[in-house]
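Please find the structures below.
The same subunit A turns up in both complexes below, where it pairs with subunit B and then with subunit C.
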Partner chain A sequence: MGTHAVISPLIELGEEAAVRCHEVSFKMKKKMILDQVSFEIPKGSITGLLGPNGAGKSSLLRMIAGLSSQDSGTVQVFGQPAGEKMLGKLSLLPDRGSLPGWLTAEQWLSFAAGIYPDWNEQSAKQLIERLKINLDTSISAMSRGEEARLQLLTCLSRTAPLIILDEPFTGVDLISREQIASTVVAEMGDGERTFLIATHDIREMEMLFDRLVLIGDGQIKSVEDVEQLRQHGKSVESCYREVFA
Partner chain B sequence: MKDEPMLLPEDFVVNPSRPIYEQFVEQITARIVRGLLPTGLRLPSVRDFAAGRRVNPTTAARTYQELERMGLIVTYRGQGTFVTNEEAMILEARKVMAKEAVQQFKEMAISLGLSVQEMIELAEQEE
Partner chain C sequence: MSTFKLLAQYEFRALMPRISRRNILSALLVIAFLVIGGAFLDLEISNPQAIFAAGTVCALAISMIVSIVHVGKLWTSKYREWWLTLPHSRMLLTISKVMGLTRVSYWIGAGVLLISTGIYGLKVWMGTIDELSVRTLLSMILVYILFIVVSAPIAVVYGISLCLMYSGWARWVLIPYCIGFLLPFMLFGIIISLEQSDLWMISPPYVLPYCVWIVVIGWPLAYGLIRLIARRGIRSFGDIRILSANEGKGNQAVASKDRQKTEQRIELRTERSAEHSAEHNGVYCKSRGFAALYQLDRSRFRYYESKLWARILVGVSMILCVVVAFFAAQEPLIAYGILTNIYMFPVLFAVLLSMNRALIERKNFVWWLGFPMHRSRLLLSHITAVFMVTVRYMLSLTISFWVGVFVAFLVGKTNGEFLLEALPWNVYSLTLNIVLIILSLSLLQLVYFSIRSPLLSILLIPLYWLILTPNLRVKSYFYSEPVMGMDQPLLWGRLGFLVLITIPISIFCIWLGGRNFHRILDNGSNKNLSLFGKASK
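Moving on, here comes the complex of A and B:
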C-alpha cells in the first residue's frame, strides 16, 4: 500500500510528455510568428529545435518557458499549462542573454544561488570544474565562450527537469562548444532531465539529439526520430537540407 | 584512467548517416579482437563514455548492450563493465569479423565479374 502511494504518481509522470504543444498560434503586429504548431517531446530526450533564422524558434521557446503567451492553442510542460507556475520546472538559457558584467563569476553564482529555490550547490561546484570557470574573472572581462559556459553552468546548477537552451553556441569557440556538448550529456542524469536545444550548430550537436523538431516560417515542417533517420542512411544535416533547401 | 587504452581510436570519425552505436560496436569489437582492449579491462560508465564522445546517452547504452549480447563485455552489478575474460568469445567475434570481410570481398569480386582467385591475382600482378 505504502509503495503504491509513492510509485503511482511517478509512473503517471513517466507517461507524460515533457513538452506538448497543440495548435499553437501567435501573431505579432499582424505577422504570423507561429502557425498551428503541434509537437511533443518525450521525457528524457535531447531534442533539437532546428530551423532558419526567423523561423519562430525563440518565440516558441519563450512560450514554453512561460515568458510569453500564445494567441491560441495549448502549451503544456509536464502535463501542466506553461506559465509562471511552471517556472520552477524549467531552466532557460536565453538567446543573446547576458549576465551582469559588473560581477565576478563567484559573485554572480552566489546571487543565482539566492534567487533560484532549486539551486544545487553540489552540482554548481562540479560544473565549475567541468566547465573550467575561473571564479575571480569579472563577467565583463570574459570571452564569449567563457560567458556561455557560465550561463550553461547557471542553467544546470538548478534541479529543474526541463532544460531549454536557445542558441548556446553563438559566437562560442570550438573547445567551449565541446565542453558545453559534453556537459549536456553528463547532466542528462539517466534520463531524468529533458533537453530542448535550438541551435544552428548542427555538426556539434547532431550526435547528441535523439529527436528533431524542424520549424520554418512559423510552421512545424517535420518531427524526426534521429535513430530512424540514420537507419535510413540519413544524417541530421541531410535531413535539414532536405526540409529547408 | 589516463594511461588506460581508449575505447575508440583517437582519430575515429563517426559517419553521421549510419547508426552511431553500430559504428562504435564495430570499432570496439575490432579493438578487443586485436587485443588493444585487453581481457578484464574496465570500461568507462555509460555516462562517461557518452560525455567523452559527446553522443546521446542512449547511443552509449546501446553500444554496451550490443557488445554484451555478443559476449564481449560483461557487467557486474555495482562493480562496472569489463572486457570478457572468455577467450572463446573473442575468438568467435574474430571469426564473425573475418567472415563478414570475406563476404564483402566476394561481393566486390562478383560486382567486377571476377572470381575471388582472379581478383587476388589481378591485384598482385606486377606493373
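Moving on, here comes the complex of A and C:
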C-alpha cells in the first residue's frame, strides 16, 4: 500500500485549501509518529481521516489545531501557518479531553459563551435540545456519552469555518452515537464549514464523507474521493479494509 | 515469585523508573546540584549531626508526600478499577502497596543521605564545620540509615491513610492529620536552629533508642492502620466518580419534568441578551475574553472552597490563629515569630498547587489550549486565580491574628504600644509574602519551557528548592538579625528592590511559559511535568 497521491485540483484552480499539510514529519522518543505526510482538505468538504489505532491521526490533528509542532514540513490552515493565531478559525473536539468537572453543563456553556468570541447562542440552544443535554448535571457526574455530547455541543456552537472532530465516538453508547452522528449531519447541511473527522468507527459517518485520507503507521496510505469510490462500486469500509487489511 | 512479592515489585516499579544510564546521570546531576546548593545555603549549621538529622527528616517528609500524592492520584487513575478487581485480599493489596512505597522511600532516604554526606564533605572542605573522624562519621551515617529503615514504613502508612478520610465523619480527622503532616517540617526547623548544647538530642547514642521506640510503638500502630486501610480505606477507591455537590441524573433519557425545566431555562437564555448569562449556584459569567477565562479558572477554587472539609480546615486554622495571637500578644518575640511565619502555609499551598497543575488539570489542558487566546493569557489567568485564593486566605489569617490581639488588648494582656509595633510588621510581612507568591508562581511557568529538553528539566530542581523553601531565604535577607523584637527596623528598601525585580522577571517567565505551554500536550509520557507525578498520555 504505497502512498496514493491525488493531484489536487485546488492547485490548478488556485483555490485556498482549508488545510494543507506538506511533508510533515514528527518524531517522539525515537518513534516516527508522522512521516512525510502531505495532503489537502478543500474548503467546505467533509473529510474523514481514517486509520487504525496509533496511526498518527490525533498527532496530526493537534498539529493542524496548533497544539503541537511538527519537526519538519508545513501545516497551513486557510493559507496561514497553523498555530495559536488560527485558533479562532477552527473548533476542535479533542480526543480524551475533559471539560471542567466541577461545573454543571449550564455553567460550562455560560463560560464558553464568554470565552469563545464566535459563540452562537442560537445554535447552542438548538443543540441542547437535539443532544438532550441536562443543564443541571455536573460534568463530573455525567456518563461518557453525555459528556461526549456536551463536548460536541461546545464544538458545534461556534461558527468557526473549520471543525475538527477527533474520535467523536470513542467509548460512547449507541444512542449517543446516533445523536452525535445526526447532529453532525445537520450541521454539515449548510456546506459553508469544513469538517475534518478522525475516526476508526467508519459506519456512523460513512455516508457523509466527501473525501477520505487514510493514514497508517504515520504515513498517508491513500487519499480518495468518495464519489469516485462509489462509482467504482466500492464503499468507504471496503476501501479501508483494502488499505489496512 | 510469590503473589505478594510480585505485587510489591509492581507497586515499586510503578513509582520508580527503571535504572538506565540516562536515569543514573540525571540522578547524579540532581544530587550534585543539591549538594552544592545545600553547602552554600546560609542555614548557620555548625554541626555535622544537624546536617544528617535534617536530611533524615527531609527524607521522611518526602516519603510521606509521595505516599499522599500516590493515594490522591489513585482515585482518578485509569488503572484503579483494574487494581481493585485483582483476586486477592484487600490486606495483601494494602501491604504490597506499603512495601512498594517503602522501597521507594528507602531509595529516597539513600539519596538524601548521600546528599547530606556531600554537603558535610563540602562544608568541611570550606572550613565551615568541624571534621569528624571516619569512625564517628560512619557510625553516624549507619545510625541514620537505621532510623530511616524503621521510620519510613510509618511515614508511608501515614501517607496512604489519607484514603480513610474520604467521606463521612472521617473527614474531620483531616484536621489532626494535617497537623501530623506538618510534623517533619517543624522538626526540620527545630533541628537546624538547635543550639550547640542541645545537639545531644540528635547524636547517635540517642537516635538508637528512638529507633527502638519507633519499632516498639510505631510499627504496631502502623500495622493497625494498615488493617484499617484494608478494611475501610480501599473501599473509597471503589467509588466510580468523585461526585460534586450537584449530583446529576445520569445518562438516562431526561424525565419529562427535567425536560420542562431545561426547556424553560433554554427560553430564558435566549430571552436575555448575549451579555448576560443565567446565574446558577453562584457561578455565572457575564464577562468576555480574559475576564471569562479568569472566572472559569476561579470557579474551580470556588467549587473546592464550598466543600465542608475545606471550610472546616480554614475555620480551624483561623480559630487557631486567634488563640495563638491572643497568647502571643503577651510576648513580643513570639508575636514577631508568628508575623514572620504566619503566611508560610498559604504561600506553600499556592506553590504546591501550581507545581502540580499538570497532575490536577491534565485532562482539561487540551480544552484550555484550544481557547482562542494568547497562551500567556491562559497562564496569567491561572496565576491570578491562584493568587486571589491565596491572598484571600492570607487576609483571613491576618484578620484572625488581629482579632486575637484585640481580645488580648481588651482583657489587658497587652498594651497599645504592642499594637503600634505589630501593625507595620504585619503590613511588611503581608506585602513581602504577596510579592513572593507572585514571583514564585511566575517562575513556575518556566516548567513549560523546560519540557523542551531533559537538561532543562534538571534546572527545575534548584528552582523548586528555591521556591519551596522561601523562609530560609526570606529570613536571611528581609528580616533584621539578631532578633531583638519588633522595634527593629523593617527592610523596606530590600522589599522595594524585590518588587522592582519581580515585575520584569514575572513578565518574562509568563511570556516564555506561554510560548511553550502547548508542549505539555506532547506525548512524552515520561517527562516529569509536575512535582511528583507523570503527565498522562
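Just so it is clear, the second predicted complex is superposed on the first by the 230 of 245 C-alpha atoms of A that agree within 3 Å, B and C clash if a C-alpha of one lies under 4 Å from a C-alpha of the other, contacts with A are read in each partner's own complex, and residues count from 1 in each chain.
Note that a residue touches a chain if its C-beta (ideal position, glycine included) is under 8 Å from a C-beta of that chain, and two chains touch if they have at least 3 such contacts.
Computed from a predicted model, the values in this text were never measured in an experiment.
Participant: Clash or fit: subunit B against subunit C, after overlaying the two structures on subunit A?
Facilitator: Once both complexes are aligned on subunit A, subunit B and subunit C fit side by side.
Participant: Now for A:Phe39: first (subunit B), second (subunit C), both, or neither, which partner does it touch?
Facilitator: The answer is neither, since A:Phe39 touches no partner chain.
Participant: Quick check on the superposed pair: does A:Phe78 touch subunit B, subunit C, both, or neither? Answer first, second, both or neither.
Facilitator: neither
Participant: On the A-aligned overlay, A:Phe195 touches which partner chain: subunit B = first, subunit C = second, or both, or neither?
Facilitator: Touch partners of A:Phe195: none, neither subunit B nor subunit C.
Participant: One more residue to check, A:Phe169. First (subunit B), second (subunit C), both or neither?
Facilitator: A:Phe169: touches no partner chain.
Participant: Just checking: does A:Glu237 make contact with subunit B only, subunit C only, both, or neither of them? Give me first, second, both or neither.
Facilitator: In the superposed model, A:Glu237 contacts subunit B only, not subunit C.
Participant: Look at A:Ser182 in the shared chain and tell me whether it touches subunit B only, subunit C only, both, or neither; answer first, second, both or neither.
Facilitator: first
Participant: Once the shared chain is lined up, is A:Gln107 touching subunit B (first), subunit C (second), both, or neither of them?
Facilitator: second
Participant: Applying the document's definition of touching, compare subunit B and subunit C: which contacts more of subunit A?
Facilitator: C
Participant: Quick one: minimum Cα-Cα distance, subunit B versus subunit C, in the superposed arrangement, integer Å.
Facilitator: In the combined three-chain model, subunit B comes within 20 Å of subunit C at the C-alpha level.
Participant: Based on the A-chain superposition described above, do subunit B and subunit C contact any of the same residues on subunit A, and if so which?
Facilitator: In subunit A, nothing is touched by subunit B and also by subunit C.
Participant: Which residues of subunit A touch subunit C once you look at their complex with the stated criterion?
Facilitator: Touching subunit C from subunit A are residues 28-29, 33, 59, 62, 65-69, 84, 87-88, 92, 94, 96-104, 106-107, 110-111, 113-118, 121-122, 125, 128-129, 132-138, 140-143, 145-146, 173, 176.
Participant: For subunit C, which residues are in contact with subunit A within the complex?
Facilitator: By the definition above, subunit C touches subunit A via 241-251, 253-254, 258, 261-263, 265-266, 269-270, 274, 277-278, 280-281, 283-289, 291-293, 295-296, 299-300, 303-304, 363-367, 369-375, 518, 521-524.
Participant: Of all residues in subunit A, which touch subunit B in the complex?
Facilitator: 46, 178, 181-183, 185-186, 188, 190-191, 204, 206-210, 226-227, 230-231, 233-238
Participant: With touch defined as at the start, can you tell me which subunit B residues reach subunit A in the complex?
Facilitator: My answer: residues 14, 16-20, 47-48, 50-59.
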